[in-house]
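Input: one structure, supplied below.
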Amino acid sequence: MAHRRTRVKSWLPVLLFIGGAVAAAVYFVENPGSAMAARVLTYDHLATLAAQHVGMVVISSLLAAATALPLGILISRPRLRLLGLVLENLVNIGQTIPSIAVIALSFTVLGLGFNTAIFALWLYSLLPILRNTYAGIISVPPGVREAAVGMGMRPWRILLRVELPLAFPIIMAGIRTAVVVNVGTATLATFIGAGGFGHLIVTGIMVRRLQLLLSGCILSALLAMLCDHLLGMVEEKVKTSA
Amino acid sequence: MKRVMSKYGIIWLISLLLLLPLLSGCSGGQAAQAPGAIDKWVFATDHEFSVRPDGLPELLKFYGFEFDEVRIMDLGVTYGALKDGQVAAAMGFATDGRIAAFDLVNLEDDKNFFPVYNPAPVVRKDFLDRYPELEELLGRLSPLLDTETMISLNAQVDVENKDPKEVARQWLLEQGLIREEASAPTKGKIVVGSKEFTEQLILGAITIQVLADAGFEAVDSTGLAGSEVVRKALTGGEIDVYWEYTGTAWLVHLGHDDPLTDSEECYNLVKEEDLARYNLVWLAYAPFDNTYTIMMRKADADALGIKTISDLARVINEGKN
Amino acid sequence: MIRLEGVTKIFPRQRVPAVKNLSMEVGEGEICVLVGPSGCGKTTTMKMVNRLIEPTEGKIYVNGRDVADMDPIKLRQDIGYVIQEIGLFPHMTIAENIATVPREKGWPEDRIQQQVDILLELVGLDPEVYRHRKPADLSGGQRQRVGVARALAADPPILLMDEPFGAVDPITRAHLQNEFLSLQKKMRKTVMFVTHDIDEAIKMGDRIAVMRAGELVQYDTPDRLLSAPADDFVAALVGHNRALKRLHLVKAGAVARTDVAVAQATRFVEEAKELLQTNNSPVVVVVDGLNRPKGVVQREELLRRNGRAALQDIVNPLESVADEDATLYDALSTMLNYGERYVVVLNHNREFQGIITFGYLLELMKENGS
Amino acid sequence: MGFWSLVVSRWNNILESTGEHILIVVAAVCVAVIVGVALGVVITYWRSLAGPVLYFCQVVMTIPSLAMLGLLLPVFGIGYKTGVATLILYSLLPIVRNTYAGIQGIDPAIIEAAKGMGMRETTILRRVKLPLAWSVILAGIRTAVVMIIGIAAIASYIGAGGLGEFIFRGISQWNLQLVLLGAVCVSLLAVLADGLLKRVEGRARR
């Protein structure tokens, strides 16, 4: 995946996103618009949904990074070049499977609930991280790697001090993509009983209550933008300090 | 290099196609626990039931009990969740084919909380005026659709995995309501809508095929999400006909707070008010009552001696004390 | 110091050996240049020394020890390795780049920092300015200097250099070559140097190994290579202008004439004219009190001038100059560049060392050519 | 019931849904190409707009698809309209970005030469800039198509039809085979579209 360009690097948008989310939450709780919406739009319930959504995203993303990074490093080793090629293709095909299908497949095999959602999100966010880790390490110029070997650096030192630092911006971009996609996919987790902001959206669509629908849409969109921006800042920081 | 890549791509796509169906064999169920051994009362509901005025919140208040946990999921998933033991009780629809197939029981609504939900085709008045033969055509269907029929039709789709359209066609042919070969459309265009669950899909498919057989150009717009969505589509002219339930119209669309428990009464009141207020015509209603139901596994219900929702409320409340 | 015995390398899935039964020895403190057309096996040969490539057959000894018995990591840490500038780590600062091998060897941090500064000074980069820069902020020539500094960081007795000056423009390359040669004078490293440029080979090498298709065609001193090529291939490689190339072999400082007219800037034209009578120098070199040339006055111009004028008033700026380490080839091209018949040779302190005239150059070539 | 017998028994259904799926994707891409290329061209002339426009497109990309469908639902109503509108929005970023990058990446000397020969700006755009940037723009379209084929599956939920219906039906009926059917069809469609557009792109590059 290509580098994504970051434009804004300040904390201002972060405050804006968080402030916007809080303001939206307060507005919708205070003006539910209908008795049906009022049943769902309480501070307690919104907090639960937020915790579920953020929980799903954070846990699955961490797990995905923890598995995809070593795997990506492994398949980038010259000895496993063939495996890397094969896995790269598998990943490319895997990414054409829609997120809802991954949720649905995990659900039909593993059953309902939070853990299934985590599994599906983990599986789906493995792909961009794996691909970018592999691509990032492969893209290290051969001359640089050869210089490191020629100077007598040990293989794991080359990995830590040369390959990973050089691949980091690309890896970071993969993580960023994965997390943003995760926030979106987590809205679908409500279909399999795992909660999250998708609950508000689906209920809103079901009973045609605009307040419900909008609250879910706005909160999940703001969460996605917040994640994107925060990771963009990390990416930028890494790029300038490395 | 590029050629190698694309070759690998094709090889892996093929193996993926072969592999996935194999994988599909390993979907396993949970180990069943001892009947009646329920330590946590988890209830499964869909999104709509969880907030409707005649839904879960009022039901709990009405019968005076609380579940330990309520899990909200996609409609239709509740049956499987209950069957697999992931929840102790679940909401569903009384005519769903899976109730019998999964060894579940409907708990009797002994205090008459749930309103009646008899379905009938609904059309706009101006549209009916244009095609008055619709009244006769669709009115013929309703009396044939009793509860047993509907459960069996539903089961064919949900349990036997048949296509709703095929199930509808088979039934219509058996009943002699349509001919084997449909004639080319000679009359106007009718857009048929439905909600997204199985029964609605079957009713939609039945309607489409009857209309097509009668020479209309029947357009399939079935499978829309939620009552209000379909209703808006009808009033807005995006669809021309769909099957709505009397109880849903009374409580949701007409905004009444008092559920009606008599089929005849409810139908007449709804028919009258909808025509006056929204210019919608209700054609003849079907005898089956697809009301909401609260279900448990048969084994659990038997072991705990639960037959009615009051029994359930008592058992749960006793467990808490 | 480095000895190859019957070394053969056949790469997997290839029938023709990349290196065929190669035996040679590089003496201590020598620069051995491997030269030949691309694909002749020169880089493969070099990489077998630090075991980046393992030989299929044969033995390689470094300091009398078979490298096959040594830990490749330890071996490489004791052999400096310079490749084209792309080999610098782009994410590390210059200091970190240079500190790579000392870090790997576990030197204490203060010693590493000290060493980094020493090396930056050595290659002519101001540590204060360049220490914290990234390779991307440097010019090609500066990057190459860092490459050399990095290879020297842990003071290895041996250097392997793979076309180290290949990616820079000809003028910078000549500078870097000269600088490296003067460094080498002090360091006396054992160097194996790979290039495809025969001029560079002749300039840099104490001994030159000409390779073709994996075989050693001739292994000789540059002088011998030019005067007695082993076969047509070597002759073609060194080219038909061998006489001109031999100018590479002589340092300007070694042959500069000192019996020329040198005068202090404060002297008068009259006195300079007298000097010119005692020798037939084409110019009078005007120096300051520290014997640093300030400029020259042409013989013709001097003769036209009034005797009472001071030399410092009529002096022309010094253009045609050469360093004492420059080769006669450089000296000749300087002359041609400025359209002069002489070049003034300076030593490292910018002091006057002598002068080389065109006529003298011709004489030297005649002598050497025989 | 096995997977393959399901495929056989639902064959007509599959074809119909695939047709719907292709239709909404093609409709969305057609609109997105017109709007996106125009937008991309415009921001090469008004450079100050480039930053905000590209940022806006990038923000749109981060919005979860279900949320986007929900946000547009009140505007366009149920059915394919909301679906197509959503897909258009998501395909804008790759197309706008690549149009912009494609035109910006043209060697200034070529534009200079065109100007020097007395071509009008509109002619330069039509005869020089767009043809030269075309392969890059196509790459953007390819990215967009592959992406929205997946998103279209979610649009089935608000009645846009398409292969996503198998997936949602599969969830509803707890039926792995149906989900698989939907997933495999969507994936296959995306892979095929990718291959097809790659070929077109390769031809454009020549």
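Think of it as A, B, C and D in the order they're written, each chain with its own count starting at 1.
Rule of thumb we're sticking to: a contact is a pair of C-beta atoms (placed from the backbone, for glycine too) under 8 Å apart; a residue touches a chain by one contact, two chains touch by 3 or more.
Note that this is a predicted model, so its numbers are computed, not measured.
J.: Could you tell me which two chains share the largest number of C-beta contact pairs?
T.: Here the largest contact count links A-D.
J.: Let me spell it out: compute each chain's centre from its C-alpha atoms, then which one is farthest from chain A's centre?
T.: Farthest chain from chain A, going by C-alpha centroids: C.
J.: Please indicate the chain closest to the centre of the assembly, with centres calculated from CA atoms only.
T.: Per-chain C-alpha centroids compared to the overall one single out A.
J.: Rounded to the nearest whole Å, what is the centre-to-centre distance of chain C and chain D, using the mean of the C-alpha atoms as each centre?
T.: For chain C versus chain D, the centre distance works out to 59 Å.
J.: I'd like to verify one number: the distance from the centre of chain B to the centre of chain D, where each centre is the average of its C-alpha atoms, in whole angstrom.
T.: Each chain reduced to its C-alpha mean, chain B and chain D end up 34 Å apart.
J.: Based only on mean CA positions, could you tell me how far chain A sits from chain D in angstrom?
T.: Computed from C-alpha means, the inter-chain centre distance equals 22 Å.
J.: Using Cα averages as centroids, what's the distance between chain A and chain C in whole Å?
T.: Taking the average C-alpha coordinate of chain A and of chain C, the gap between them is 55 Å.
J.: Can you list every residue of chain A that touches 2 or more other chains, as numbers and ranges?
T.: Chain A, residues with two or more chain partners: 93, 107-109, 191-192, 202, 205.
J.: At least two other chains touched by the same residue of chain D: list those residues.
T.: 157-158, 168, 171, 174-176, 180, 183, 187, 191
J.: Among all residues of chain C, which ones touch two or more of the remaining chains?
T.: Nothing qualifies.
J.: What pairs of chains are touching here?
T.: Here the touching chain pairs work out to A-B, A-C, A-D, B-D.
J.: Within their complex, state which residues of chain B touch chain A.
T.: For this pair, the touching residues of chain B are 4-5, 8-9, 12-13, 16, 23, 26-27, 30, 44, 46-48, 50-53, 57, 71-74, 77, 81, 84, 86, 225-229, 232, 252.
J.: If we count contacts the way the header does, which residues on chain D are in touch with chain B in the complex?
T.: Per the touch definition, chain D meets chain B at residues 1-4, 6, 9-10, 13, 77-79, 157-159, 161, 165, 168, 171-178, 180, 183-184, 187-188, 191, 195.
J.: Touching chain D in the complex: which residues of chain A?
T.: Residues of chain A touching chain D: 4-5, 7-8, 93, 96-102, 104-105, 107-109, 180, 183-188, 191-192, 197-198, 201-202, 204-205, 210, 213-214, 216-218, 220-221, 224-225, 227-228.
J.: Contact residues on chain A for chain C in the complex?
T.: That would be residues 141, 143-144, 146-154, 157, 161-162, 165-166, 242 of chain A.
J.: Can you name the residues of chain D that touch chain A in the complex?
T.: Listed in rising order, the residues are 51, 54-55, 58-59, 61-68, 70-71, 73-74, 146, 149-151, 153-154, 157-158, 164, 167-168, 170-171, 174-176, 179-180, 182-183, 186-187, 190-191, 194.
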